[in-house]
Amino acid sequence: MTATTTSARSDLSELGRSETALRTFLHGLPGVDQVGAEQRAAQLGTRSIKTTAKAQAIDLAIRMVDLTTLEGADTPGKVRALAAKALRPDPADPSCPHVGAVCVYPAMVPYVAEVLRGSAVHLASVATAFPSGQAPMEIKLADTRAAVEAGADEIDMVINRGAFLAGRYAEVYDEIAATKQACGDAHLKVILETGELATYDNVRRASWLAMLAGGDFIKTSTGKVPVAATLPVTLVMLEAVRDFRAATGRQVGVKPAGGIKTTKDAIKYLVMVNETVGPDWLDPDWFRFGASSLLNDLLMQRTKLTTGVYAGPDYFTLD
Amino acid sequence: MFEYAPAPESRSVVDIKPSYGLFIDGRFVDPADGGSLKSVNPASEEVLAEIAEGGAQDVDRAVRAARKAYEKVWGPMPGRDRAKYLYRIARIIQERSRELAVLESLDNGKPIKESRDVDLPLVAAHFFYYAGWADKLPHAGFGVNPQPLGVAAQVIPWNFPLLMLAWKIAPALAAGNTVVLKPAETTPLTALLFAEICQQAELPAGVVNIVTGAGETGRALVEHDGVDKVAFTGSTDVGRAIARAVAGSRKKLTLELGGKAANIVFDDAPVDQAVEGIVNGIFFNQGHVCCAGSRLLVQESVAEQVLDSLKRRMAQLRVGDPLDKNTDIGAINSAAQLARIQELTEAGAAEGAQRWSPPCELPERGFWFAPTLFTGVTQAHRIAREEIFGPVLSVLTFRTPAEAVEKANNTPYGLSAGIWTEKGSRILWMADRLRAGVVWANTFNKFDPTSPFGGYKESGYGREGGRHGLEAYLNV
Amino acid sequence: MSERVAVRKTYKLFIGGKFPRSESGRSYLVQDSNVSLASRKDARDAVVAARAAVKGWAGATAYNRGQILYRVAEMLEGRREQFVALGVPGDEVDAATDRWVWYAGWSDKLAQVYGGANPVAGPYFNLSAPEPTGVVAVVAPEAPALLGLVSVIAPAIVTGNTVVVAASPSAPLAAVTLAEVLATSDLPGGVVNILTGRLSETVPTLAAHMDVNAIDLTGVTDGELAADLEVRAAENLKRVLRPVPGDHDWTADPGLGRMTALLETKTVWHPKGV
């Protein structure tokens, strides 16, 4: 149970100072029953979103996309094209909104920045030796600073899962706090890599740890391990940001990433946001999709709704 | 704001006739005295169909048809062939499940997502499960040669019309009995469609007979001399009357009656799932559930937080058109039931409990009741003792596990109970002490054809489901 | 030398492990002895004693209950001649003793035979187990006085129920003597309570009593009385065992029915997850 009293609010800021205090707090969070959480997520997935609600959801989902490319083969040309698509996802339809952000590796940030300059599309960069996080701390922080200096206003960092699973919570906390500091004004998204955390109890603890350490967003996955975002994992994270705001007054965003490929999937997530944390999070400032192929499906569905005809992939850009 | 547009399930999949006769000896026939009732859509008060009201003569005709079928066809038939008929029925139900689900929601008022995702899958599963027993009875643990009883009189309620039909008919037929079933007067339509399914399956005439009607029809059926077995699901008062009516007779009786289940939440519960379980426990099927978790017993140390979460969650419940796929709470089944819920909730407020409902717009036509919770309830309040059978939760608190057990058991009922705690040994300690036929730990309102269901004390006797469910229909 | 004057026994009720006279102070002459004539209040006291004993007896381990029932058999074996002296045939005493042994063994087996895991279609642990129903009122068969009595008491108590038994009105001495066996067998007081006297006085009270969970009408020979008792029992939906025909063969294998009729099946669900 999360505390909601004002005295508890002041207590939480002290937690990071002590390994014992952190452990006591994180292990005192209410458990998550796997079967119940998965059933609730599945139940929300059966909502039927049609017509006007669907149109509204598709546009919102487009605005929430962190259009992502994180390949070894990324080039300036490739990321420029992606950034152009972020600004005008459907060149044929000026009423189509732009996406939330473009997400790339630090080396690609300058090329994207050129394209996005002056627009409302954010520029996110993964950092901290993404995706493994296995590098000396100084290098991770330098990685972060470089990305910010090159023009990123959002940083997606990875937590040290090894330290987390070994119970070295203070170490994870300190890394997040240091990265947050290195971010300066840039927003920090903390990737929990939930596919490696094994239990929903761990997802809840890692969510709280990331929020306590100063993360602005908590994000499910790097997209580089077999299990990426799932509805129940996102449900547990949404419950965590809801409870965290109740306890501290600070609102934290949520970003499921990886594996969300269809409009149907995206709408299930929006329904879950709507019914778990409510309209305060139904905004690109507070909820994002880390995705690439999702955008084209959203665009095809959007066209279907406006024209009444099923679209084909050849009519949408592949960037 | 993210407003969901209406998403109505099409009612064109179901063809409702203007009027229905009785299903006796394999055919639809007119009632002997020509009486009739109207079945109404509780969400709109629209008349769906005119239903025959079976009288004593009709009941007699049905019982005689069942007797003949028992003696000439169904009794002598090898179990493996009875099994095949039941498998056929299960398959046809699966094939026609959307039609049955829509009809159930129209006639009963329950949300389509429940009739579609809960009732119908369980109905088919129940026939499938008992089909497999028909040729395995010597291995069921009731001796080497257990025998059917003969003709079973079965009277079922309106809250899960087709599911209760399945719970009654599947084991009866598997064991070799024939049946005369009376559906509830407000929800007869799926039973009548089931009669058509029996025809489609070419089930021999007279094995299943459906006699529609109200209380008097039911009374004539259970009191009929030609009946060997009576099975009833419904209120404890009617159950008591039936127990008196069969006293001194040869009729074997099983009863599945009311409840006032405690759903017990400890301070170490997985709180988000507990809140879901509380909501499911009392608002599933508008609270028209005999095993509903209608008394929330929450540990005092977390009562405030749990109630805050519960209220937040209740505010998400969508009340309205049962055929809308996004509806969580449908219509109250009848004007009479709505009046009973209103009377008891007014008593709750008058006795000093604090009433709360989320802001919630109710349709103008039809029978509706907003999800409601009462705090400050004590064991002495009527709303803590009487079965409301509606979307109304009474919240009580406790301090220790022993106090939770004491309060949970302090009722003449004993159908179900819920326990929410992450501590395994405490679950088992509690489960041992709760006087209830079904104990859901860290879950609630789960059903399965393999899992016996039934009550202690005034919640009735006998079990439905599983191997245990056969016992009610065998001479053991 | 004059012949020694025998010490006669007073045949009293057996309630809560003690041997009180009827609170009414009445007795009746039967089998050449004065036997307590139990009243409605005695029936009520017996129910109170039986209810008080439920927690301990139902909560005892099955192994413990089995040991105690076996101990009853040992005690009965030792008192064989006493029952023979009351007119109970030796064969019947032997059969009654063997029946205690048979039921004793069921204490820790019935839950395995009658309960078990249910393979539900979902990620749940699901187990059904039998539990005692609580307080059972039992009308013992008129005859055979000892084997009939044992055949209705043992299956009720082996699973953890407690009983109030209305003994055969015409042959109560075996019942009171059996009470003496029970009293010396480590059976907790109140698990078995025995009333002697007229059925018409005690049984309707038991049938209507709202703190009795089940009634076994085995020994009721009057069809109208049986129906009346069943009607009374309906008030709190007691589990009812109907009368058995007078020519019932009590030496036959009793099967599980007498035990299972006085059990409740409890099914516990729990999710399986990490």
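Residue numbering begins at 1 within each chain, and the chains themselves are lettered A, B and C in the order written.
Keep this in mind: contacts are C-beta pairs under 8 Å (C-beta built on N, C-alpha and C of every residue); 3 or more make two chains touch, one makes a residue touch a chain.
A quick map from chain label to UniProt name: A = Deoxyribose-phosphate aldolase; B, C = Aldehyde dehydrogenase family protein.
Fair warning: this is a prediction, and the values are worked out from it, not measured in the lab.
Chain centroids computed from C-alpha atoms place B closest to the centre of all protein C-alpha atoms shown.
Among the other chains, C has the CA centre that is most remote from the centre of chain A. Note on interfaces B-C and A-B: more C-beta pairs are in contact across B-C.
A separation of 68 Å divides the Cα centre of chain A from that of chain C.
Averaging C-alpha coordinates per chain places the centre of chain B 36 Å away from that of chain C.
Centroids built from CA atoms put chain B at 44 Å from chain A.
Under the contact definition stated at the top, the residues of chain C that touch 2 or more other chains are 122, 124, 271. Among the residues of chain B, those touching two or more other chains are numbered 442-443. Residues of chain A in contact with two or more other chains: 33, 35-36.
If you check the complex, the residues on chain A that touch chain B are 1-2, 4, 30-33, 35-37, 39-40, 46-54, 56-57, 60, 239, 270-271, 274-275, 279, 282. Within the complex formed with chain C, the chain B residues making contact are 125, 141, 143, 236, 239-241, 243-244, 247-248, 255, 257, 412, 414, 427, 431, 436-443, 446, 448, 450-454, 456-458, 460-461, 463, 466-468, 471, 476. Within the complex formed with chain A, the residues of chain C that make contact are 122-124, 271-274.
Residues of chain B touching chain A in their complex: 1-7, 113, 117, 267-273, 276-277, 302, 305-306, 308, 316, 325-326, 422, 442-443. Touching chain B in their complex are the following residues of chain C: 113-114, 116, 118-122, 124, 126, 128, 133, 213, 223-224, 226-228, 230-231, 233-237, 239, 255, 257, 260, 264-271.
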